[in-house]
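Just below is one structure, and these are the notes that go with it.
Note that the chains take the letters A, B, C, D, E and F in the order they are written out, and that residue 1 is the start of every chain.
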Amino acid sequence: MGVAVAQGVGNARIDGRKNDELRPVTITPGYLAFAEGSALIEMGMTKVLCSATVDDRVPPFMRGEGKGWVTAEYAMLPRSSGSRIAREGLSGRPRGRTQEIQRLIGRCLRGVTDREALGERAILLDCDVIQADGGTRTAAITGAYVALYQALLGLTRNRLLPSIPLAHRVAAVSVGLVDGDLLLDLCYGEDSRAEVDFNIAMTDAGELVELQGATEGAPFPRKLVEEVLASAELGTAQLFEAQAQAIGSL
Amino acid sequence: MGVAVAQGVGNARIDGRKNDELRPVTITPGYLAFAEGSALIEMGMTKVLCSATVDDRVPPFMRGEGKGWVTAEYAMLPRSSGSRIAREGLSGRPRGRTQEIQRLIGRCLRGVTDREALGERAILLDCDVIQADGGTRTAAITGAYVALYQALLGLTRNRLLPSIPLAHRVAAVSVGLVDGDLLLDLCYGEDSRAEVDFNIAMTDAGELVELQGATEGAPFPRKLVEEVLASAELGTAQLFEAQAQAIGSL
Amino acid sequence: MGVAVAQGVGNARIDGRKNDELRPVTITPGYLAFAEGSALIEMGMTKVLCSATVDDRVPPFMRGEGKGWVTAEYAMLPRSSGSRIAREGLSGRPRGRTQEIQRLIGRCLRGVTDREALGERAILLDCDVIQADGGTRTAAITGAYVALYQALLGLTRNRLLPSIPLAHRVAAVSVGLVDGDLLLDLCYGEDSRAEVDFNIAMTDAGELVELQGATEGAPFPRKLVEEVLASAELGTAQLFEAQAQAIGSL
Amino acid sequence: MGVAVAQGVGNARIDGRKNDELRPVTITPGYLAFAEGSALIEMGMTKVLCSATVDDRVPPFMRGEGKGWVTAEYAMLPRSSGSRIAREGLSGRPRGRTQEIQRLIGRCLRGVTDREALGERAILLDCDVIQADGGTRTAAITGAYVALYQALLGLTRNRLLPSIPLAHRVAAVSVGLVDGDLLLDLCYGEDSRAEVDFNIAMTDAGELVELQGATEGAPFPRKLVEEVLASAELGTAQLFEAQAQAIGSL
Amino acid sequence: MGVAVAQGVGNARIDGRKNDELRPVTITPGYLAFAEGSALIEMGMTKVLCSATVDDRVPPFMRGEGKGWVTAEYAMLPRSSGSRIAREGLSGRPRGRTQEIQRLIGRCLRGVTDREALGERAILLDCDVIQADGGTRTAAITGAYVALYQALLGLTRNRLLPSIPLAHRVAAVSVGLVDGDLLLDLCYGEDSRAEVDFNIAMTDAGELVELQGATEGAPFPRKLVEEVLASAELGTAQLFEAQAQAIGSL
Amino acid sequence: MGVAVAQGVGNARIDGRKNDELRPVTITPGYLAFAEGSALIEMGMTKVLCSATVDDRVPPFMRGEGKGWVTAEYAMLPRSSGSRIAREGLSGRPRGRTQEIQRLIGRCLRGVTDREALGERAILLDCDVIQADGGTRTAAITGAYVALYQALLGLTRNRLLPSIPLAHRVAAVSVGLVDGDLLLDLCYGEDSRAEVDFNIAMTDAGELVELQGATEGAPFPRKLVEEVLASAELGTAQLFEAQAQAIGSL
């Protein structure tokens, strides 16, 4: 027997939002003076600083294929959270959660990049969480898109690329089942109580780049997936607007 | 513009299977003499050795809650593949892919375990890939279930538990889009060419425990998800039978 | 034969400052919502985010002595600089420079803390460089003081301490010899050309907490030290004002 | 005063074997489909999976000498034993015992390889213990020989070598002094009680490749060595037969 | 076909010694002022500094058994040899050779220690090679005995032990086959050309504690072992005298 | 309120020295037979073995600049002190103190080296503490100078350099404030009680190469710095004599 999905009127959310309402979103492009691309994204109290570094070589295993590469690293500052998180540098290996997240970010941004058009270049996206109140991995994807865009724009302005090799915009949100309610863009207080947790990355054409749904509690019915995708589509639509504004100012 | 999904008749598969046909499955329970639970699962040429270790303590951060814990480790033998994979022990840190997979396996098995009924015990599931021909993570989930079952059966036989604290069976399969065809249970030759790749873990009640879909190529349409879930339900149905036979012989 | 020290009129500085002029300083106290103490310090383009974490235990080797401990960690975000710096987490050990700096920060803040009055508590100061344009270690000391103050203020407000156990304020600046001119508060463009490089931490009573002078070029005369200390005293006087304003707003 | 060596009739062995009797031996050559050479060796309950990987480069320090190299890695699966052994990947460095064993295996196989005839190629032998009931290092040597042979046979079949550059066969057994009895091929229950423990690697010409004898208890008389060598010669004779059968089927 | 063993008159040795002649041996006991036991052993140009540290706890896995433990660590100073050896601290893990040697030293010293009489104490023997000209591991064993003796003598003088819990003296030498000659106590120039290399640790009662013989070249005949043991007995006899003198002066 | 500096007659020192008196100094050049340069320096009970290794390549980041490099490594033998210090090799990363010291040694020796005249060569100075009774880092600098000199002398004798590219001699001492007395060359018993601790490296022309002053206790007045430098000048004068004697015998 799986989780119960509430029908009808849900419970009030911690911060008074409606179930399918995002937190306030701000994206500050070009936040860092010395990086090829950068953006600070804030979703409520969650703040992630994203930067893009252009390397004119790809990793050894893909040289000579004429295609580019996009990858990501993710980390949390020690006091981004209520209790301090030890730096990974002191233990000598990234945590499993970190690795899982940075692989996710890399896949999502590659999913909208035209790697042939990019040519043999690598873009490394650094996503550093300044403050964490839930949804840091999805905020990182949304913000990294802007940092990536700025770096690629620079390559076109320097006439190293004829046009920006991005087929679509990509943005991501979380959707979770909390006390039987399906909530969009969970803050930490909601996330820690969620029975089912989804992260969805979509394009501005309404297609999917990545879909991850997991339970730490009970299994969930197949039909929940459709509802989750509908909520995610609403959420990402707003994020594409915030990205458009940020990019417009570059 | 996203991936194209073929309509109608698909292409022939590498090994002649139908699009929604599993590879031959064999599960040998109790493969290891010295482990509390174990199973060798073979899906075509893929072979994963799963074992379960019972620890009568949970990790420090969850002591005193009266609940159990289930976790997993995953590794590939160096020559499980066509080209040798360096042992992780020599670099000092598990690779990102490894961490992602072992976290997935852990979540799936926790998703069907009644942790209150298990009590303050930890079960560690080791999944070692003897031979890799695609689908090792999903085979690991399906095989680990049998190892876990055997270990818990031992606890009931030793009167440490009144009954086996598993709410459902769990099994997993991959489904992928290859040249526009949706294929069930990809072998390596198919997996390496897939445009979209899903891993789905379901219960024998037809509910979802984990759902992961990603593209390394182009974005994919929302409606693909429903087709993927239907194919996965067909595939896991057969796996539940193989599990039932394996468990029946213990 | 050592370095030549210019007499009389110096050369113009990169950014038009006078030789003994600081860059514009801003300290934003309480920058992080979830930390016991925090401050963002900006000196020109250099930005360091400092936080303070209170632990009610001291490290094992000093338990039972009735005294507190103050220590620091320091790191640079990968794109704080013009060329990307690899995360230390990936190599498994902090670099020598990092260790040298975090030990310096820790000593300076301990130097103004009344450890008996603090009692058996440890304060960990995290100094993360958001953007680096020279002088990050001295900015970290100056900013960490504010974060430490806020954390200790919290302890007094919670009646865990009767008063704030800080004997003095501490602030730090760099002074360097560049083309024979003694310059205060070097930016990166100056620092990279300096023949002699000093970092000085002083109290608001004009005493020294730490004094480090080194040459990578030629040896320097003893009398240079006095001139350096005079310049540092001018510089720290301004920093104490910025700290006072920041603290006043808490 | 050293150990006492029993004269005349010994005690019965745990599994009823005679003192100079091996456990049942099975070698399955070509166990792995994707490796250049492989063999599963079973000696009683001990099971070791050996594979051989051909690299057409030697390590940097021996390039240009025109000679080949043979080396080995050894590991135990976590549940090969009654109590779980942590993976070495998680601690960041191979244990001392592991290093000692893999160096032993490498030396033994090099001892029968004609390195000039092999040419500038490296063969890496992976020995993974599936199940451990004593004698895993000697089983690994005996099994690795078959994996090595298969890999070299492949090179001759592909006309990369004119003939197989192995001067002899090599096999290894343990001999130990347990309660004053000299026992051949110790199982774990015997090994853990042995006063003196030998591992001997011999060629099919009756010569020695490696001889290691150690006490964790009391010193032992020189004359014991001759008895040990006689027992080892009996044991390896049977192992050469098992190798011959395995190789004959390739 | 194995190695050829010369019959009759051998070749002259590099330094003019006879085949069964040791290099000049000096043992300076109490070389370090701050250690519980120490000795500098010099054999020709080989110099090893040994120290003994007494810990009044044994490792966790052997607590409560009422028995002591003796273990060793071994390292080479970077410029002990003609070409610099990188410090192991920089790579994060001891090399295989290092681990093999320190395990050997530990076994040899345990082999002559009455662990019941020692009681629940651990002695750690540090063997640091100041200069390496062959035979460092055997010199370390011989010197570590003196350091161990001094540390135990201190325990008896402090009335923590009624008598020194050493059943025998232990000393070790190398014996090698070089150009068909069996040579005692190889210097580096000989060792690097040896076809067969033995390390033997014996007691002053003429019994064996450890015997290791290996070939990197061709296999060797069984009868060589007896000759090796005879040579080793000659060599260790002289080492026992040097130990006796060193101990006599404490 | 800072530290109190005693006026007039001080307290007697632990070992009866006057406040500005060095411990007995001995430098044995060429202590190691196999190194390009070496020296054992003893200052009282403190003994540091220094060696110099010549590499005819500089690190990658400075190739092609036509300049040389001088760097250092520092380590303590485990029983150099009264309580054993774990080897850094076992933890996988050099300690902060170690890194701080080896960077200091490197800077000081670079400070007197004419890097253009040295050409594209790197000299690595290894400083291994045999026995530690305070002042190991300053002894290492003074001894490393002799090892460096010997290595460079060898290059001139081999006609690889026309002359020794050292502009000055460099030597270093500690000066500390203990119970209000300013003491030169602190032994461990003094160092552990010092309120303020300076390390000063000077040239034989009386100029400064490095100056480090820190308090773990209270801040100290600016005027103390002049007194410290005067004491250091007295101390280094004697060290330059010891260096001259050592070098004269090469």
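Operating definition for what follows: a residue touches a chain if its C-beta (ideal position, glycine included) is under 8 Å from a C-beta of that chain, and two chains touch if they have at least 3 such contacts.
Keep in mind the model is a prediction, meaning the values are calculated, not measured.
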| item | value |
| --- | --- |
| Where chain C and chain F overlap in contact partners, by chain label | none |
| Between chain D and chain F, the fewest steps along chains that touch one another | 2 |
| Equivalent interface positions on chain B and chain D, same or different at half | same |
| When chain A is superposed on chain B by its C-alpha atoms, the rotation angle in degrees, nearest 5 | 180 |
| Whole-Å gap between the CA centroids of chain C and chain D | 59 |
| Cα-centroid distance, chain B relative to chain E, in whole angstrom | 52 |
| Centroid distance [mean C-alpha coordinates] between chain C and chain A, Å | 34 |
| For chain E, residues that touch 2 or more chains besides their own | 92-94 |
| Pairwise touch network: line, ring, star, complete, or other | ring |
| Ring order of chains, beginning at chain A and proceeding to chain B | A, B, D, E, F, C |
| Of all residues in chain A, those that touch chain B in their complex | 1-2, 92-97, 99-100, 102-103, 107, 110-112, 167-168, 202-203, 205-222, 224-226, 229, 233 |
| Chain B - residues contacting chain D, complex | 32-35, 38, 45, 49, 51, 53, 73, 75, 77-82, 84, 87-94, 124, 126, 128, 130-132 |
